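Report on the following structure.
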Amino acid sequence: MKRLGLIALVLMLAGGMVAFAGGAREADTAVAEDNLERSLEVDISGLRSADGQTLLPELSSKEVPSRPDNPRSLPETDPMHWYDMEYLGWGVEEKINIPDSPADGAIGKRVIAIINGDHPYLTAYSTGMQKIADAYSMDLTVLSPNWDLAEQNQMLDEAINERPDMIILVPLDARVAIQQVRRVNRAGVPIILSNMLPEEEAMQYAIAWTGPDDWGQFREMARVWADELGRSGGVAYIRHAPGGSPYFARTYGPITELAEYAPDIETLDMQAPGFEAEATMQVVSDWLTRFGDRLTGIGLADDSAQAIGTIEALRRAGREDVLVIAAGNSKVGMDMVKDGDLLAITYQSAEADGAVALKTAVDWFNGLDVDPVLYIPKQVITQENVEDFMPAQW
Amino acid sequence: MSEDRGTETLREDPAEVAPNMNEDRTLRQNRFSVLISVLGIYFLAGILMIVGVMVSERFLSAANMLSVVGGVTILGLVAVGAAFVTYSGHFADLSIPTTMAFSGVMAVEALQFGIVAAIITGLLVGLVIGLINGFVIGKFRANPIVWTLAMAFVIRGLMRWIWSNRQIYPEVEGAATGAGQHFVNLYRYHLLGVIPMTVVVLAAFAIVLHFVMKQSSFGRQLQITGASFEAARLSGINVSRNVGLAFLICAMTAAVAGIFLTSLSRVGAYYMGEGYDFAAVTAVVIGGVTLAGGRGSIVGVIGGVLVIGLMRNVMTLMGIDTFAQTIVTGAVFILAVGIQSNSLRRLGRDDA
Amino acid sequence: MRSQTDVVTFVNRYRILLLLALVFLFMALFAPRFLNMFNMTIIMKSASLNAMAAIGFTIVLICGHLDLSVSSTISLGAVLVIGFRPDLGWSGAIVAAVAAGGFVGLVNGLLVAKARIHSFIVTIGTLTIVQGIIYVYTGGAALNVTGALDFAVADFLEDPILLFFPPRVIITILVIVGFEVFFLRTKPGRNFYMVGGNRETAWLAGVKADAYVIWAFIISGCAAALSGALFAIGISSATTDLGVNSLMIIVAATIIGGASMNGGKGQVLYSGIAVLMLTVLFNGLNRFGVGSEFRILASGVILASVVLYEAYSNYKKERIRGQRPELLKELDPQQLKNVTSSLKTREL
């Protein structure tokens, strides 16, 4: 009985406090009349990321083929099989319930960014975003759910509760994003998606998606790779962690590209040992035993731990001839490209990734037209141009 | 425990009964159990070797064997230390991954004072964490799983806060003294050009710790402590000190492993070492160190580590994909431990 | 002297409620935008997933075993409910998902109780196996449903219908309270405690320990799968590793809630409240806008303090025991009972 009484006490305490606070929300602050003008005048062309590149690069779009009737029925080596993953958001013509832009300037706006976890890339990502926020004196909060879906949902709800002027979301998963974005949309808060691709349906509830063209980058790099391989030989792939688009893009991007560009290159195997140097090292060693000289190339989903393990295994086996490509671009990966250990990595500016997402929000606040899908530029880093991208962002 | 009765004779005086093995019907029934209890994990390793030979003609090549061993040295280092915790009857140390990460990060931070300072700093981290764990669990009898989990939370939180989720690079931190390159090479040194130094270090640790466990008075006391904490305490053994030392040994080998892992990865970061806690428990337990404590050996643990390496090797050679590998690994784990504890029970040993 | 022990006993007994009140008060006073209806709803919703899964973990712990497979089972429930939805409809899918969770529990239970393999080993094994099965079933990608009806069901589950309680939270509370009543007020329920706390007494009382252990694991599997399934329906989708972070939170919460790794102690309700307490803490920390490292740090400090406090008070008791028996008389009866029962377990 005593216990029940105590529980009741705690609940009453909570209830009373809630009633007392009464869901108080801060009143909107009035926006100065010349805010829009001042916002439009802000010059951010001088901003640079830590690697000396322009923070805000030229954004690109890409050619979109028409959608086949049933992409999943095509073979996995056909690029069209992955249509729904690669060209998300382009098919969405009708947007639902997107709030109108206030068109009163970006200065002083409150933005909540919810990323997907803690990772050096995302630290640099947040840095890039903060640079834009500083330039426009915006109030930016970046929250990380540490790769936990339940936590990310909680943060989204909390963000809705705070009624910011914009939410920027890096979805943990493409398919989960639909319901997440729909919830934010239903609450009437504008949302921009960033970095990780969502499913197409999510795009009808969002203003835009910005981020790297993972598929395109790997296609471009696959061509460089194929040329160096002499368009023949056998390759194997170390995959990203399951779940999320990179798991597919960084393996099937090159596979489908090679199927067209260099059909003689054989795909030998693919494994997902995680981002762990020792485990990757063992998988690669096992491949060397299993395939011997047939293995001439390895594609990696990560240029840190996976690259370290791969190169170490190759070195121990005396197989420095195997050509390795990886998704970039960490400091570890850049150093390995410089040393000639890695043939190529992708250039994906983490700071630009974050900056572009917020800059898109700025454009929307300023009442400008915003493209629904924006890619940060893709580039392949090899030994020749690696110096241009030093020092690495993360 | 009806099945125990048949083996009563063996339990009473194994030395005397053993020569008469062939005449004793109940014992003949248990020959498989005897085999398992003697050979233990090496039996499974043998099966895997046979499968390996059948799958690939290059399986037995020196290069492949070396890569199997080379791929599990860090795990091996962690496991030989973790074995002491399990041996003392305290299950597992869940703070292993954070100890590895922390010692690596601290070593990298100390690189500006030279390579020796770095290694000492890394080991000191292991010493401090081991002492804290050992004191709280040995002296106050806190539950090992929960306490080490709490430690893992606290250290990880601190680490991420202090270095604000960044990773640090030995080549940068050690640039001034030139120690950075030495640090990176720690993992990459080869003895006589072929045998990785890590394998040598693991072998050295395994041999020393084997004698500590089997020959030293500490080892014998730890066995009694693991077998029955209360009995050990009542017979005047300093149980707190022994349990504390077991956790200290575990943390120290984790620190060594952490330094090697950081050297291999060329970065110090809070997320290093994730998953090594459960992997180490797996190796220790299939290696024959029972969770009840007081039973098993370092030789068995090394066997367990090798089996994990061989299993990955053979399955990749067979072309089994990662997902199926996960399922097989889990099933083999339960099966191997199940057979072992069942054999022990048939032999009239404890409820392992 | 007397009143002092009274306070100590009171604090010990209602530790988790006091902790919850303390954390809540602190956040209410200092965390910006913490105290409002909407945020309370968020807290209740966020706590639901782990609170329901903690039922099973707690009851297995009460029986003296560990169930580390809960995190995979949560994911399994989530993935199956979405996967089966097109063929079986929502109710059929929920039943199938919960049954699958129960099956995992049954396998765990049989291996622990009948094959006599240590639960720590068994459940680390099934943790891996179930995760592998999920990957094979989904091919590594998440699953979702996008029908208008599915969204309507999701919204119904997630929007509050009473104060700050959405149906998903109400279901969770009902299940927890139902189990709490079952375990504390019914004879079979109390037997679970006997099985874990004192095996000999249980045996003398004719309680079939094995059956109770198996049922505990089945309940654990079902509860974990149900919590994953409800969460998945609420978000109309399921990831392959939804429960991966749950295990550590559940372990921490269960211990903070007063359960003991040695079995025979703990309450389903208190584990649930401990999950709620951690959620309030995390939510409040988010309101300060600090990074996720503080969530880990704070939960670590709380867990460490609780473990240390418990261990230290046990240590003091142990010192009294055997050395100065006359001191025992000064202890209050409740504590004395604890001491003698711990004496008994040691002797077994």
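Residue numbering begins at 1 within each chain, and the chains themselves are lettered A, B and C in the order written.
Convention: a contact is a pair of C-beta atoms (placed from the backbone, for glycine too) under 8 Å apart; a residue touches a chain by one contact, two chains touch by 3 or more.
The structure displayed is predicted, hence computed values, not measured ones.
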{"item": "Identity of the chain that, by mean CA position, is farthest from chain A", "value": "B"}
{"item": "A-C or A-B, whichever has more C-beta pairs in contact", "value": "A-C"}
{"item": "Computed distance of Cα centres, chain C from chain B, in Å", "value": "29"}
{"item": "Distance between the centres, which are taken as Cα means, of chain B and chain A, whole angstrom", "value": "37"}
{"item": "Junction residues of chain A - those touching two or more other chains", "value": "118, 242, 272"}
{"item": "Multi-chain contact residues (two or more partners), chain C", "value": "135, 140, 291-293, 295-296"}
{"item": "Touching two or more other chains - residues of chain B", "value": "160, 164-165, 322-323"}
{"item": "Residue numbers on chain A that touch chain B, as the complex places them", "value": "118, 120, 123, 239, 242, 269-274, 276-279, 281-283, 285-290, 292, 304-305, 308-309, 312-313, 315-317, 331-332, 335, 394"}
{"item": "Interfacial residue positions of chain A with respect to chain C in the complex", "value": "3, 6-7, 10, 13-15, 17-18, 20-25, 118, 141, 143-151, 153-155, 157-158, 160-162, 172-176, 178-180, 182-183, 199, 201, 242-243, 247-248, 272"}
{"item": "Touching residues (chain side chain C, partner chain A) in the complex", "value": "14, 17, 20-21, 24-25, 28, 33, 35-42, 45-46, 49-50, 135, 140-144, 146, 151, 154, 158, 163-164, 231, 235-242, 244-246, 282-283, 286-287, 289, 291-293, 295-296"}
{"item": "Interface residues, chain B side, partner chain A - complex", "value": "56, 58-59, 61, 63-64, 66-68, 70-72, 74-75, 160, 164-167, 169, 171, 187-188, 196, 261, 264-267, 269, 274-275, 309, 312-313, 316-317, 319, 321-323"}
{"item": "Interface residues, chain B side, partner chain C - complex", "value": "91-92, 136, 139-143, 145-147, 149-158, 160-161, 164-165, 230, 278, 281-282, 285, 291-292, 322-327, 329-331, 333-334, 337-338, 341-342, 345, 351"}
